[in-house]
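Some structures to go through are shown next.
Presented sequentially are two complexes of chain A, the first with chain B as partner and the second with chain C.
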Partner chain A sequence: MQTHKTGIISSIKAFVRDPFRMFGIVSVVLLLLLTIAPAKDYFSQWHGYQRQYLRFIQNRGDAVTLRRHFEGGIQQIWIPQLGVVDRCQTCHLGLTEASLADVKEEPFRAHPVMPHKLTEFGCVICHRGQGAATTVKEAHHSEMAGEEPILPARYMESSCGQCHQEPLEGTPKLNKGRVILSRYGCVNCHSIVLPDGTKMEASDNPPPLTHIADKTTREWIYAWLKDPTSYSASATMPNFNLSDADASDISAFLIANSVPQPGDTAEVSAESHGPAPDPSAGASLYGESFCASCHATQNAAGNLVGGDLGPELTNVGTKVKPGWLVAWMRDPQKYDPKTPMPQYRWSDAQLKLISAYVQSKTNPDLLANVHLAAATPAQIAHGKKLVIEYGCASCHEIPGVPKSDNFGPNLSRIGSKPVVQLVFLPGMEHTLPAYLAQKIRQPRSFGSSFRMPRYNFTASQVDEVTTALLALTDRSFSLPANLQLAAVHETNYRPAGQAGQIMTSLNCLSCHRINGRGGDMAPDLSWEGTSVQRQWLDDFLKNPNTLRPALIRRMPRFNLTDSERTILTDYMMTVYQTAAFQRDEMPLTGYPPELVEKGRQLFYSKYACQSCHIVNPNEDKGYIGPTLTKVGARLNAAWIFHYLKDPQALRPGTIEPNQHMSDDDARALTAFLMAQKTGAGQGAKR
Partner chain B sequence: MKANPWITGMLAVTACTGCMHQKASAPALKAKATGTAIVVVSGDKQLGGIGARLSQPLVLQVNDDQGNAVTGAKVDLTGPRGVVLDPAEVLTDDNGQATIKVTLSGIPGRYEVTASSQDAHGKPFTLSVAEFAAGYQQEVGYEVNEKYCSRCHNPDSTVEQVSNYDNLAVKPHAFTSGDIYNKLSESDLSNIIEHGGPAMNRSALMPPYEWTLNKAEIQAMIAYIRLVSDPPYMAPGVVYGKH
Partner chain C sequence: MPSTIETYFDKLERTRVWKSIFRSGKGSSTLHNALAIQQNVFLHLFPTKVRKRMLGLGATWYLGTLTLGTFLVLVVTGILLMLYYHPSVPQAYSDVKDLQFIVSSGLFLRNLHRWAAHAMVFLAFAHMFRVFYRGAYRAPREFNWVVGVVLLLVTLLLSYTGYLLPWDQLAYWAITVGTNISSAVPLVGEKIRFLLLGGHLVNANALLRFYVLHTVILPISAVLFLAIHFWRIRKDGGLYVRESEPGAAAAQPTSEEQKPL
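Our next item is the complex of A and B:
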C-alpha cells in the first residue's frame, strides 16, 4: 500500500516537473474526449438504420431517385398546435416513397395510402408511441408513466375517432364499435361524454320490469338470469355469472315487486271457443305480417333467420304467458311505451291465430329442471339487495329501485388510461388494448368481485368495441376546434297532429328515418311526398306490395282503416317534401313517343339499366334495384328526373351509381319511365 | 460503407437466442400414424385484418391413399415471417383433422401457410394454403366491394343478399379470378371502375362509378382486387434504363 502511494506521488512529481510530457498527455486525453460525441452519434441506433437503408436501396432499380430523396441526420415533423414532435422518419426512411410499398419489412416500407398527409398530423397522433424518442425501444415500447406504447395495427381506426366523432366510410370497425356501445347498452352503466359535450346515448331497448309478473314466470326469469344464451342464442343481455341462490332470489324479488296492470292480460277468451284454426294459418299470418323483418328465429339448421330489431322468438312460448301475449300484440305500447314494435291493428280472430302460433314456439327443456320453492321474505329482500348491487336498474325500469348515474366507471377518456394504472393478469401483454379486450371478453377474469357482466361478443365484436374505446383519448378533448368534428346525433323529430298519433302507434320511426330521426331498415321518408304519387301511396298503405322481391325485410300490412289511411297519405304528401325542386314541375303524362323511344334506347343500351332494374317482366331480370314495371304510376316525373341526375343527393347512401347524366338524357329516360304505368312493359319491347 | 459491427453483432446474438428459444419451446411430437395427402377442410382463403387472428381456424385433414382420414398423423406448419401458427406442429384428432389458429402479420398481403407431413416411407408431402391480411386500404376496398361491387361480381346468393350475377346477359368476373384481373394494369382497372365497361371495350352492364366513389375508394377497391386475386398478383418491378 505504502509503496503504491509513493509510486503514484513520485510519478505525479515527475509529471509536473516535465511540462512537455504533461502537455502531450493532456492533449491526447482531451482529443479522446472530443471523439466521444461524434462516436456516440456514429454508433447510435438511428444512424445504423440510415446506413442500412442506403445499403438496402443500393441494389434497387430506383436507387438514384431514392438516394436523391435521402437526407441524413435526425428528421423531424413539428406541428406546434397539435403538440407533435415526431422523429419517426429518422429511421422509417421510406414512408413517402411510393416505390417501397412492396417492401415486406420495417422500417423501410412505404406508408400505405391514407386520407391525410404525413406532414399534416405527424405519426404519433395515429400510431401513438413517443415521437421525440430516437431509440427503437423508447419510441415503440415505453411503459413509463406518461408515455404510451405503439398502437397495434388492428386498432388503428380508433385514431381516426379522436377527431371524427361522426361515422366515416373508411372506418367500419370504429363505426361498428360505437354502435355496439349504444346498442348493447354499455353506456347505460358507463357514461361516455364526447368532446363536443354531448353524452353517448344508449339505443338498446331494455324492457321495463314494472309489470314483469304479467308477462312471464319466475322460473323463466331464473333460467334467463342464469344464462341468457340458453334461451336465445342472440341474447343481448349479458351473463352475470349468478349462483343458483342469487338467481333464485333476484327472480323472487322481481316477481314480488311487479305491479299488475289492468289490461296486461287479455280478453280473447270470448272468441277462443270458436273452431280450432288451421295450424298453418298462424304461420302464414306470421309470414304475411313480416314479423321476421325484426324478429329472428332459428331454423332447422340452427341458423338465425330474421332481423335483430326485436328479440329472437325461437323459444318465446316458453317465456310469455298466453294472456299477456295477446294483450301485447293488441297494443304493445300499453305495456312498454318505448317499444319499437308497431301496433298491428289485428282483428280478434287474427290475434288469436298469431298469438297461438307464436306461443307454439317453445323449448320444453329450458325450464324442465327449474324447480323453485316459494319465495321467503328474506329471499326477496336479498334479491332486492342484489338488484341494487348489480345495477339492474341502470338498464331496466324497476319500481322502488332508482337508476344510479355513473354506475360503472366513466369511460370518456379510457383510451388514454396510463398502463401503470392498470392491473394485468399474469401472462398478459402489458398494453391498454390487450387490457380492454380482455376486460370486454371476460370481465370477471380480473377477480370474482367485479360486477361487470360478460357479453356474448364474437372475436371481431371485441375488436370493434376495443377500437371504439381506444378512440376516447385525452387528446380528443384538447384538439383545436377545427379538428373536433361533432358526432351526428338523432334529432328529436316527432310527427305532429292526428297523423303523428297514428305514426307513433305504428312506430314508423323504428324502421324509417324522417328528418334525422329513426331507423335505417327502410327508406328515408323525409321527402316521400315529393317522390311518390298520392294514389300509389294510398294503395301501398292498404296493401304494401314489395318493390324489391329479393329483400326479406319488408313493410308489413297494418290493417289501417280508410280514414287512418287518408290522414296518413294527406300528411305525408303535404309535409314530407324537399325544398330542392317542385313536385309538379314535370307532367305525369303526355310525353312525345319519340322522347319515350329515345329513353328506351338509353335505358337498354347506353346506361344498361336492365342490369339492375326490371321494366319488361318478360325480358329484364335485374334484381338489385326496385322493379320499375309500374314506376310511371308510382313516382313523380320531377323526382325521377332529379334522381337520375344525382341519386345520392335525394337518397344518401344509395348504391345506384351517379351517371352524371345530361339534362336531355335524364328527360328522355324520365319520359320512358313515366310511360310504365300498368306493368305491361310499354314501349319496352326490344 | 462498412457494416456497423455493433448492429451486426447484436443482430447475430438476437438471431441465435431466437433460434435457441424456438428449439427449446417446441415439444417433440411423435407421429402415431401416417397418411399420404393433406386436404383443407375449412378456413383457407380467409380475409383478416393485419396483425389479427383469423376469425375461423384453419382445419386440415390427413388422408391415406384410400382417401380415408388418418388419426394421429403429424402435421408441421410453417408460414412466412410474422405469421403465428398455433400449434405449429400437431397430431390429427379422431376425425383425422388438425385445427390451427392463424394470426397474420402486420403487413398486408397474401400469406402462404405450408402444412407438411410424412408418409410411411418417411417421404414428405405438403399442402400450401393461402390467407389474406387486409390493411387499411384493403379493408376500405372490402367495404366498397360489399356495398357496390359484390351484388353482381359475386355469383353466390345468400338469403340476406341475393346475387344479380345470374340475371346479367354478360357475366362479370369474380374478383378472385387472377387470370383476368392480373392482366389489367392499375390504370386499366381504375378506367373501368371510373368510366364503366365501354371505356375498355367491355360490357355497358358495368356502370361508371366516377361520380359515386371517390379516388381513394377506387384505389382501395383495386388494392382489394389485387389482394384476393388467385393466382396471386405480382406487381411489376420498377424498370429503369442503364445510366
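Our next item is the complex of A and C:
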C-alpha cells in the first residue's frame, strides 16, 4: 500500500510536518481570502451602475452638466418622520435630471413630472420596495421580512390614496375604485376604516326585503338569484353561484318571510281592470318626467341609455307586480323610506299611463322556464339558513335576520398585507396586487367554501378596485397629521319644517347638494336664495325649463300644488343664503344706459363672454355655459357682481374663469346682464 | 545589536513590576517552563507538559482548537455587529440591511460571523466524532465528555438564537417552529415556550430574549464550560494518547516524545 502513495499525499505530509511552512502558507491563503471583502465592495452592483452611468453620459451633449451633478457613493434620501431611508438614487442616477427625459431604459431615466418633490417623500412611499437596499434583487423583489415588492405602474395611483382620501384630478382609477367599493356595497360586508377614524359608507341603496312579496314573485327572485345579469346587465347585485335547490329555497324563505304592507297591494285589482292606456302617451310622460336621468334602459343596439342612480328598467315589467308599481309611483317612500326616488305627485290618470308604460318593458324569456313547486317548511328553514350563511342581511333589510357586523374580513389595511400571509393559486404571480385582482375577479377560485360572491366587473373595473384596495396601507395610518388629508364627508343635513317634509318627499338631495349633503347631478342649492329672484324660482318650480340646452338631463316637473310651491320658494329664499354678502345690496333694475353699454362692450370685447354664453340668440354661439338671454330676470345683481369677481368662491370647481375683474368692470357687466330680462337681447350687439 | 536588546529584556525581567506579574522567575529549566504555564491564569488550564507528538496535525486534527478559534472569531465579529444592531422590531431588520448595504465591510463582518457559526457547529461535531471513534471519552475522561456534550448544546443554542436576530421571514418561522417543538415537552412544554418567547407569540419580547440569550447568557455559559473543559484536559492526564491507556502501557514512548514543551 505504501507504494501507492501519490505525490500529493506525500507533499501534504511534508507540509504538515513543517509548522513554519504551514504557518506561512495558511497566512497567505488567509490574506487572499481577506481581499474578498474590498473586492466584493468594488464589484458591487451599484458601483457597476455608477460606472455605467459615467460611461453613458460621456457621449451626450449635456455631459458637463450631468457630470457636475453626479456624486459617487451611496446616495440616500432620509426623512425620519416618515421612516424613509431610500437609497434608490444610488443606481437611479438620472431621476432629477430633466435633460435625461429622452432616455428610455432604466436605471438612468429622468422621473416623469410629478406633483411632489423627490426629496419630500422619497421613492418607497409611492413605489414600495426596499429603499434601504442597494442591489436590484433586494430593492425590487425582496419579501424576506414581509416587505412589499415594487408596485406595478398600473396601480401607482393607489399610492396617492395613502394620504389623499379626497378624489384627485390625477387619480381617475383610484377615484373610480373607491366609488365602486361604496356603490357595489363591498363595504357592507367588509368594513373599511379610514385613517381619520370614519368608516367608508356604502352608497348602493340595497332595497329592503321586508315587503318583497308585495313587489315581485318568487319566480323572479329565483331567476335573479341564479344570475342577476340575466335580468339586468347593469345589476350591482353579485352572483352567489347558487345551486337550483338553494336559489329555490332562498326565494321560498324570502316570500314566506315577507310582511304585507297595507297600501302596497290594495289597488291591484282596481288598476289592472282599467281600460288599456295609450302606450305612446306613456312613453312621452316617461320622457317628460326625465325618468332616464336616473334609470337606464337597453336600446335596440344593446347599449344602456340613462342614469345609474336608480335600477335599470329594461325588463322591469317581468319583475314587479302591477298593483305594487302604481302604489310605488304614488309614494315610493312608503315601501322604502330610504329610496332616492322622488314622489312625483302624478294624477291618477298619469299614474295609470306611466305604470302601464313601465310595466310593458318585459322579457318573457326570463321566467319562461322557471317552475317552482310550492315550498315546504323544511325548504323555507333551509332558505333562512342560507340567507344567514351568505350574509344577505349585510346589504338587505330582512325581517328576522339581524345584520351581522364584520361579515367579511376587515379591509382597512389590506394594502399592506404581507405576501407570506396569502395563499396563491398554482401558476399565479405571487404578489398582493395579483392576489387582490384574482380575488375580485373570481372569488370562489380560491376554494368552493368561500362565501364571497362574484361581481360582474370589467377588466378595468377590477384594476380600479385593486387600486383602491392597495391604497389602504399601514402607512396611511401612521402618517404625520399634516399629511393626512381626510375626505370631505357628507353632513347629515336635513331641511326642516313643512318645506323639509316636501323636500324629503321630493328627494331633492338625490340630485342637488345642500349644505354639504346630497348628489352631484344638479346644482348645489346651498345659496340658491341669494342667487336667484323669487319670481323666477316660483316659475321654475312650476315648470322647470333648462338653463343649459346642451344637457340631456334636466329637472323633472313634480306637479307641485300652489301652496307647496309657495312654501318651498319662501323657505329657499329665506334659508339658503350666503353670509358673504347681502342679496339686495344692488338693485335689480335702474342701471344707467351708459353703464349697460360699457358692460356690453366688456362682454363682447374685453372678456369675450360670448364664446361660452349666449345673450343674443341670433348671433352668439356659446354653449359651454348657461344661456344668459333672460339672466336679468333670474339672478340677483349682487350675486352676478360677486360671481364675476370670484366665481370659484361661490361655486367651487366651476370652470368659469376668474378674470380678476375690477369692481368697475364687474359692475358694468352686472348692469348689462341685469338688462337681459325678456330674452330679446336688450343692449346686445345689433 | 542583539546584546543590547537582551540586556534590555534582562533589565525588564528584573523589575518589580515584571516580577509581580510573572511569578515564575527567570530561567529555562523544566521547572521554570512548567511554572510559566501553571502560574498564568489563562495557560494554567492547560497541561504543563504536552507530548510533542500530540502537537502534530495527525494526533487531533486540531478540531478542538479550531472550534475554539471559530468561537473567538464569533466573539470578535459579534461584538462588532452589536455596535450596529438594535434588538427592536422596527429596527432589527433594517439594521441588518444597513450592515449589508452601507456599513464599510459590514457585509464581510456579517458573513464572517455567519460562516464562522456554521464552521463552529461543523467543527464541534467533527471534534466529538473524532473523540468518540478514538475512544477518548473513556475513563478518566467521562466527565469531560459530558462537558463537551453540554458545550455542543450551547453551540447549537447559540446558532439557533442567532437565527432569529435578522428578524426576517426565515427567522420568524424558524423560531415559531422551534418554540412549538419545545412546547411538546411533557408537562412543562408550554411553560418552556412561554419562557423562551416572553409571551405566546414570536414578537418584540421574543426578539429581546433571544438577543440576550445570544449575546450574554449563552456566551457566558460557553466560556464557563470551555474553562472547565480545558482544565479537565489537564486534570485527566493531558490529551489522550493510546499509549497512556492502561492496555497500551507496554508500548514505551521514545525519549524524544517525552520531551516537555
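Heads up, the rule we're going with is that the second predicted complex is superposed on the first by the 637 of 686 C-alpha atoms of A that agree within 3 Å, B and C clash if a C-alpha of one lies under 4 Å from a C-alpha of the other, contacts with A are read in each partner's own complex, and residues count from 1 in each chain.
By our rule, contacts are C-beta pairs under 8 Å (C-beta built on N, C-alpha and C of every residue); 3 or more make two chains touch, one makes a residue touch a chain.
All of these numbers come straight from a predicted model, not from anything done at the bench.
Partners chain B and chain C, brought together by superposition on chain A, fit side by side with no clash. In the overlay built on the shared chain, the residue A:Q648 is in contact with chain B alone; chain C does not reach it. Of the two partner chains placed by superposition, only chain C is touched by A:A132; chain B is not.
When the two structures are aligned on the shared chain, A:D41 is found in touch with chain C, with no touch to chain B.
By the document's definition of touching, neither partner reaches A:A381: not chain B, not chain C.
With both structures placed on the common chain, the touch criterion links A:M144 to chain C but leaves chain B unconnected. Legend: residue contacts after superposition of the two complexes on their common chain; A:V259 is shown touching neither chain B nor chain C. Residue by residue along chain A, chain B and chain C are tallied for touches, and B comes out ahead. Superposition on chain A leaves chain B and chain C with their closest Cα atoms 19 Å from each other.
Comparing the two interfaces of chain A, the one with chain B and the one with chain C have no residue in common.
Against chain A, in their complex, chain B makes its touches with residues 1, 4, 6-7, 49-53, 55, 81, 106-109, 135-137, 139-140, 143, 147-148, 151-152, 159-160, 162, 164, 166-168, 203-205, 207-212, 216-217, 219-220, 223, 235, 237-240, 243. Contact residues of chain A toward chain B in the complex are 43, 45, 47-48, 51-52, 54-55, 60-62, 64, 99, 102, 104-106, 109, 112-115, 152-154, 156-157, 169-170, 172-173, 305, 458-460, 463, 550, 552, 605-608, 611-612, 621-624, 648, 655, 657-660. For chain A in complex with chain C, the residues that touch the partner chain are 16-17, 36-38, 40-41, 74, 76, 85, 87, 130, 132-135, 138, 143-146, 420.
On chain C, the positions that touch chain A within their shared complex are 56-58, 93-94, 97-98, 101-102, 105, 107-108, 166-170.
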